[in-house]
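Following are the structures in question.
Heads up, the next two complexes both have chain A, just with different partners, chain B and then chain C.
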Partner chain A sequence: MSDNSFTGRSEATKADVSAIQVDDPILEMRDASVTFDMDRGESRVLDQVNLDVQRNEILGVVGESGSGKSMFASALLDAVVDPGTLSGDITYHPDPDRSVDVLDLSPEQLRELRWEEISMVFQGAQSSFNPTTTIRDHFEETIEAHNYDMAQGMAHARELLEDLYLEPDRVLDAYPHELSGGMQQRALIALSLVLEPNVLVMDEPTAALDLLMQRSILSLLNDLQEKYDLTVVFITHDLPLVAGLADRLAVMYAFEFAEVGPADEIIRNPTHPYTRSLLKAVPNLDTPLQEMQPIEGMAPDPVDVPEGCSYHPRCPLADDVCRASNPAYHAVDDSDDHVAACFHWEQASDVLSLTTDGETEHAEIVGKQSADPVVSLTDVDVHFEQEADGGLLSIFDDPDLVHAVDDVSLDVYENDVVALVGESGCGKTTLGKTSIAAQRPTGGSVTYREQDVWDAKDGVGDVETPFEAIRRSLQMVHQDPGGSLNPNRKVQASLEAPLKHWNTGMDAEDRKERVFSMLEYVGMSPPEDYAGRYPHQLSGGEQQRVALIRALLMNPDLILADEAVSALDVSLRVEVMDLMLELQDVFDTSYLFISHNLSNARYFAGNAGGRIGVMYLGEIVEIGPAEEIIANPKHPYTKVLKWSTADLEVDQDVEEPPISSIDIPDPVDPPSGCRFHTRCPEAREACARQQPSLDEHASDDEHRVACFREYDQSHEYWESEPIDDGESTDLFADGSDAAEIESDD
Partner chain B sequence: MTADDRTPDDVPFETVSSSEVTRGERIRATIDEWILVPARILWSDWRARVGTLIMLLYVLMGTVGVWLVDAPQIGEGERLIPPFTDPSYPLGTDSMGNDLFAQVVHATPPMLEMIVAGALFTTVMATIVGTFSGYKGGRTDKLLMMFTDILLTIPGLPLVIVIAVILEPREPWVIGIILTLNAWAGLARAIRSQVLTMREESFVEASRLMGLPTRTILVKDIVPGLMPYILVNFVNSARTVVFTSVGLYFLGILPFTNHNWGVMMNLAYTTGGALYTLRAAHWLLVPMAAIVLLSFGFILFAQGTDRLFNPRVRARHENNAGANSSDDADENSGKVSTHIQG
Partner chain C sequence: MINSYYVQRTAQAIFTVFAVITITFVLIRQIPGGPTSYVRSQLAQQSGSVDMEQINTLVEAYTNVRPDEPLYVQYFNYITSVAQGDLGTSMYYSTPVSEIMAAAVPWTVFVMSVSLVLTFGIGISLGALTAYVEGSRFDVGLTLISIFLNSIPYYVLAIILVYALGYQLDWFPIGGLVGGDVTVGLNLGFIASAIYHAALPIASFVVTGFGIQALTMRGNSIRVLGEDYIRVARLRGIPPSEIALQYVGRNAILPMYTGMMISIGFMFGGSIIMEEIFAYPGVGYYMFRAISASDYPLMMGAFLIITIAVVLGIFVADLTYGKIDPRAGQGGNRESY
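Here is the complex of A and B:
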């Protein structure tokens, strides 16, 4: 350690920057800082960052929200918004011998640079498209604004769309809302590539999508990168997602890079304590449940970054040196492309062990479910009338019946956890809402402790449990943490509302105290401070906690957690799920947990000895004990979901999905027979004619599968011909196509 | 067997309060929330500040002003004194020697009454009908919307004229309501369509699932979200009342019982020939200026008020709320993306 390392963070030498520099950089960032002047002081949201982007590489930038990773993207393009000031150097090399100083460009040159040389894709394609013009207009406008040749540009656009498995004619003439989220995001990627940029910067481009779609887009991105010699900077909070895609990974913490290196090095031999903890905090399918644990503490405030190593308040290895001075980058194991900004990187692997080898006993976790169901669904159907703006081709059709849920039976017990997993549009949310009496089924019955819920509501027959009591006992935590709290009310007022109405015996003081103690219990202290905040002053995780408290204040028997952790950073999910499970113990409540992510479902249900149910097009196709489903998935669809759940394996390339079409068929006209047969790689002729079903007689803790492959050899499935779907482009065909192919049979 | 008969020990759930907050403290908190914070927010925006000052000026004129300034009397001064020449008739006099300033001042109280009655009637009616119909849906919605649609098809101004001619209303507040009799229908429809999207919001659904009564949900969850919109419309209908009443007085459709700026303009035009002779021009211009200034004040106020209900702005003006940094970062990155896309 050189002496000057004690002279304070700003002068700390960044000695070993070899990995941060590369041989043939296309972008060089030197000493880049972004600061905002705020009432509370200077907010430094990017802190002297040095990093090169290698030509034609895929660089994955990983960080939690608020780590400065989006600011890194903006800085690359000199696109920091106004009150912020960017200092340092950013150099762009269109080819190895030329260099452009990005911060020196005129606004006009910058505009050109941003589309023609370096282009960007953001999360949430919906907000990037103008809803009133067609996709074609978007392309034409972009081409025109940059004085490109229209015919050539559009030809390129069509090629790009085809590369992304979209049908150019149909997509170009569509309005944004007529496309599914995944298609919009793919169209946006095509749009950002139409001017043939060299660099594509993507900021959480897939965060709003289903896992299956995310993975599929990533595999397309891989192809695109090779075909067009792109350099891709992929920014995300989801480490496992990029692990297989990226060539190099750069882990961000507290507005600077903590560790940079080749992707497989980082995953196999993570060296910075933060990276190691992050890997443990990410829910996945391989790590034993006991090993996953959240990172203690909170990410620092940009106004007040800790002295010395910014990670020291959370780091188990921190000592006085760490507190006093900012660590420089140290080359890991003398390799020149893997560096970590940590003094004690050599010890990190001993203190924070990771089980990278698979030999661990799976401890049996036994749940505490009761014998009698709290809520019980029998043969439930929910059919909706299709709204006018359904799928792409259905605009001119008459309203159709959408089979959101078809003939599902499910029992939820006391202290139970049932996780429903499936793609968007599979009806899992509708089924969830039906279970908590928020949605009236069109067929079948829903009972709460043997009282038919809707009879109670309508006052039909002998009502033993009044609907009001049922209503209180079945609560919900919504997906979007921002939307689940009234933006105009303070936390205190939001939480008091149920108490005011139901516990009329409490006076204002009691209510306040109770809210405070609940806030304190979930780790939001000081509670006085949090109670006085508006929702926008809370982070996503805090908002979700408040929503959870609000549901618990009703003392419910069952809480529907609809994608309750999906909007949170991966590193926060374990923490929030742990909290939910802990509260289950305290409040004796059951959860119906809905997720598109198998690893969240596994963590949540697995830790409570619960079940996982896999839904496809309104039906439960496989259900059973959580670990059993993960370890031994039987239904081909569950296998697909398992594939889509990125694990921390780097050597396996992003391969083709084991499925024959990535878009879900139209629920208006579900395929005949087994609904999965249009996408099932194992489908045979018999599957199109007959419908497999779950074993009605098996008990609830058995592993049940609705697939003919689980039937015995005498079933005609084994005799019939495989369904051959010919072209490979079908893979990414739109759902309505699948439906068409189906009806042609 | 329901949820209530479980009593877990040792749970934050069972906490009851140990301290008492004095009444005074609670009142102070209420004042802070409802008066001081809004006042601070208004004051921080120049448009709202100027708008509020202008409106205050009129309120003062309509309350204190009528005490300070004697009612105008025929022949109290010379005929047609030009403005700014005689300090006892600062705005000059009309052809009967009436003090114009006194006329403007004494026309204010009935005007204010009309504005408040009309604007309140429109917005309250529209809010109640719009939110209820949008939230309840079903048959309630159909009935209420049929009613508003019928009102919408009746042309507004002719209806007002006919009613005014038949009823010959003299009470300012009655006039105010007549003037806005069918103006609320359009607003109710607009509010309903906003409620339709709001009722699907997660937090509204959560309230519904907690079994809170519809009234509570409407008042606490729905209406606050619509407040910026409602307030802007409140101010707009206030302007409508000013313009329509002045117009109808000018045309002589409403009975000349009160002092009114429209009456002044009517007289200036018909008896003073203010359009043709420069000597009487101020007779027409003075009431016009009064109207324009008030309407200008309304517009500025309306522009400044949408901040009033923005929780981000509110939080900044409250002294007790803790600052939060992730918020700033989010806000910034949000701006970045729109910036680049745009």
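Here is the complex of A and C:
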């Protein structure tokens, strides 16, 4: 239809489009722009984008938040939300000889195109489902709305759910909120494939999930793509995540593509300065700590994109040419399939060097922890009662007891950094809160400088340090800084409140001084300006800084940082972690850092010579010096976590996870023996009966592991039979109840 | 152990009713000009001589409590008789209070349930409609009317209606339950007459009540229309009518359910004034009469019934909400760990 109309025009805007064209395109996008009219002017959130999607490929689209990548996704289905307007050409080729002009369809034709031909998976599965109807209803109404055969459709739905390692009956009968985040996301993927579309567009489909779940879903996606001959467009902010999965990568910056090419090419030979910086900014397990650097500056405002090359304000190579004109795509090699929109692409590799070789020496970083613990946990248990929701008749049922933390001992020293890692629902948040006396343990004791915290609270025995003082010395920074700051109070007021309360000796002038100097210190200057703002007028990174200052103003001994950087963009994370470490030097605080991401934990704890503790179902299964845990993980679960932390290696294809069940078991009824045995690839029968302990066999005092494989050869583990695993039927045997542990940690 | 939520709610409900009974008991004994002095003055007027024994017997006949017994015995007697459904005897009508109430309750329930259904039916439909055409003239106009009507107190409208349509135009009766000429029973004439007599009270409730429901529904619907799942449903090709009912309607109405139950209690309270204005002998009418005649036993009986209705409404709302909205009972107590 529109085959020849666009060629001439796109040639005019971009000098060389050869590489963004492919030989057998299933989707062609030419000159596509999305604009919104705003009071401040026209906001252009997709800017004359040209790109083809190859039939049966997995295309990874990578960009920071606000780069226009979601708009690109919506545009492929002509599903841009009102009042945005989409212009340009989008052509869909159901087979090589037919073409459909997507923007020229009648409403009914468009309705058929969506989901039957091109389908979409959104970020945040929870909000994509109608909360008041079951998953089954969602499948049935979709099948019905498109007049497909119901029995066949539901049979296909079941098959898809099984392909995604879900139990069809259980999932279909559940309401969305009864499933864990990972299950919801997989159910949503199944729902998007139920009408057997050719193209699946996925917009950050795994962003809200644990790394392990993300990687597991990715490997399932790889299988699905092969099984059903899908074309997948995978949109993400996480370059390493998609690098192993995608055939081609397209890097987006400022509402257009900066670099497009085969995935291994982009990773091995990134050419656009932005791509190179992006790779450098991502904490990963192989790059030496000293080499990681944040990208300076901010992503551009869609109303006011810089003249010339939109990246020039942040680009270390920028010169007058870049400021004056917009670079065209240049082919990076002879094959023409790797292009970058940059004038100085040839120099980029010299200026921005990357060390991607695996073999790198890392300087030993020595922490300066004291010998005496600040906070000491001994045999701590935290069990919650969970109410049955079976209605009136369940009045007499026992409430379920959730084992959030079971028998954990941990010492945190002065100037210490301990990073706790584990999946959602492993109890790391609860353990964190228990350590800062925000959660009362149901067993064991928590002491602060030798004073039992809860005795102090209850006034039992001689109380040397009052509870109030303890609470003040133990502070917390949340994952969502916006939520923890009062939206109706200016930064100044939020920060002064604790000073007023605790430091009555200060007068108003002193307080102001103090707040200003702190703001200045964390790089928010001029402080007068920032102090007068409301939280919503700050960016995510700035909010997190304010939350950090608020905690630090109390001169705390320990700060609990609960996923404090997870909500930030990848390029900002390193920056905020650096700041936190810098502040540790100045204020002599310790950190308890909670994350589901092993790379973040390694960056944070590693840079302070701290420790990493790995938690699984309420227990610490391995703990030791950060670099030691990364370089030499011993517990099978730690190895799984390490696998899930995507390395920038494209050679290795997406492999099966080294784990025999994707979903975490129900903490209401944790498995017997070693709690990991239901998922452990090394599990033997002894593991189901006996529980390995963290200390008994400690050959090395620093690095301790709770696994029988670390016991000596005389242990009966070595004699017992392996537990049969790896069968797909086993994969959901234990995990399906994970629904109840859906949580926000 | 037992499921604490339901136990807690049930205990709370029972406690509230119990507290009300206790308060009524205390009031009977303590208020100056309470039944004892009322009976005493009646007797004094009749015979001139006041025999304490006679007073006590009479007071017991009316209120089930003998003033000369020890306090705990009185309290125990009162509770047991209330529990047996014996609410004492009306001084004004000289009939057992329970009989008066048994005759009155069905009429009040009739007026209220019709009002409730109409208030919510009209409110929800208009609210959904305005949400879909948000910002249009129809939306703005209807929203203004809703706010205006909602700001009129129901009794003011009731007085206007009874004055204009009852006294002046004589279109509607100004009192009574049914016309005198119909035979009681399930016949057309009786039902028509009952509706005819209840029309004005119902209208007063509905006209002043639907506005707030329409506004709530409008707000909820607009919020739901902005949810991701609506967008996803549209992309999935779900027909608009189904989206309107299954998605928008369902998710917008559910949060209003509790409010609906609670307004049952609210309307019972409102019936006191309403039924007086329309001379409609329901629970409220008798309550009002009892107050003006210092008829304590009747007053307490009516008060008790209204309280129980309120408590029951809230209790049922609490217990059933979990059944109706699959998300209830999960959100609040889900821990993060």
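Definition applied: the second predicted complex is superposed on the first by the 655 of 745 C-alpha atoms of A that agree within 3 Å, B and C clash if a C-alpha of one lies under 4 Å from a C-alpha of the other, contacts with A are read in each partner's own complex, and residues count from 1 in each chain.
By definition in this document, contacts are C-beta pairs under 8 Å (C-beta built on N, C-alpha and C of every residue); 3 or more make two chains touch, one makes a residue touch a chain.
Note that the structure is a prediction, hence the values are computed from the model and not measured.
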item: Per-residue touch tally on chain A - higher for chain B or for chain C; value: B
item: Chain B versus chain C as contact partner of A:R471, first or second or both or neither; value: first
item: Which of chain B and chain C A:F122 touches, first, second, both or neither; value: both
item: Touching partner for A:D529 - first (chain B), second (chain C), both, neither; value: first
item: Which superposed partner A:V303 touches (first chain B, second chain C, both, neither); value: first
item: Which superposed partner A:R449 touches (first chain B, second chain C, both, neither); value: first
item: Which superposed partner A:D203 touches (first chain B, second chain C, both, neither); value: first
item: First, second, both or neither for A:F384, with chain B first and chain C second; value: second
item: Partner chain(s) touched by A:A79 [first = chain B, second = chain C, both, neither]; value: both
item: Chain B versus chain C as contact partner of A:R114, first or second or both or neither; value: both
item: Residues on chain A lying within both footprints (that of chain B and that of chain C); value: 77, 79, 81, 114, 120, 122, 127-128
item: Complex interface listing, chain A residues touching chain C; value: 77, 79, 81, 111-112, 114-116, 120, 122, 124, 127-133, 137, 141-142, 145-146, 175, 177-178, 191, 382, 384, 386-389, 391-392, 394-399, 402, 404-405, 425, 427, 429-430, 667, 741-745
item: Chain B partner contacts - residues on chain A that touch it in the complex; value: 36, 38-40, 43, 45, 65-66, 70-71, 73-74, 77, 79-82, 84, 114, 120, 122-123, 127-128, 203, 301-303, 436, 438, 449, 465, 468-469, 471-476, 478-480, 483-489, 493-494, 497-498, 501-502, 506-510, 512-514, 516-518, 520-521, 529-530, 532-539, 547, 550-557, 586-588
item: Sites on chain B touched by chain A in the complex; value: 1-4, 6, 8, 11-13, 15-21, 26, 201-203, 205-213, 216, 220-221, 224-225, 227, 309, 311-312, 314-315, 318, 320-330, 332-333, 335-341
item: List of chain C residues in touch with chain A within their complex; value: 1-7, 227-229, 231-233, 235-239, 242, 246-247, 250-251, 254, 319, 322-323, 325-327, 329-331, 333-337
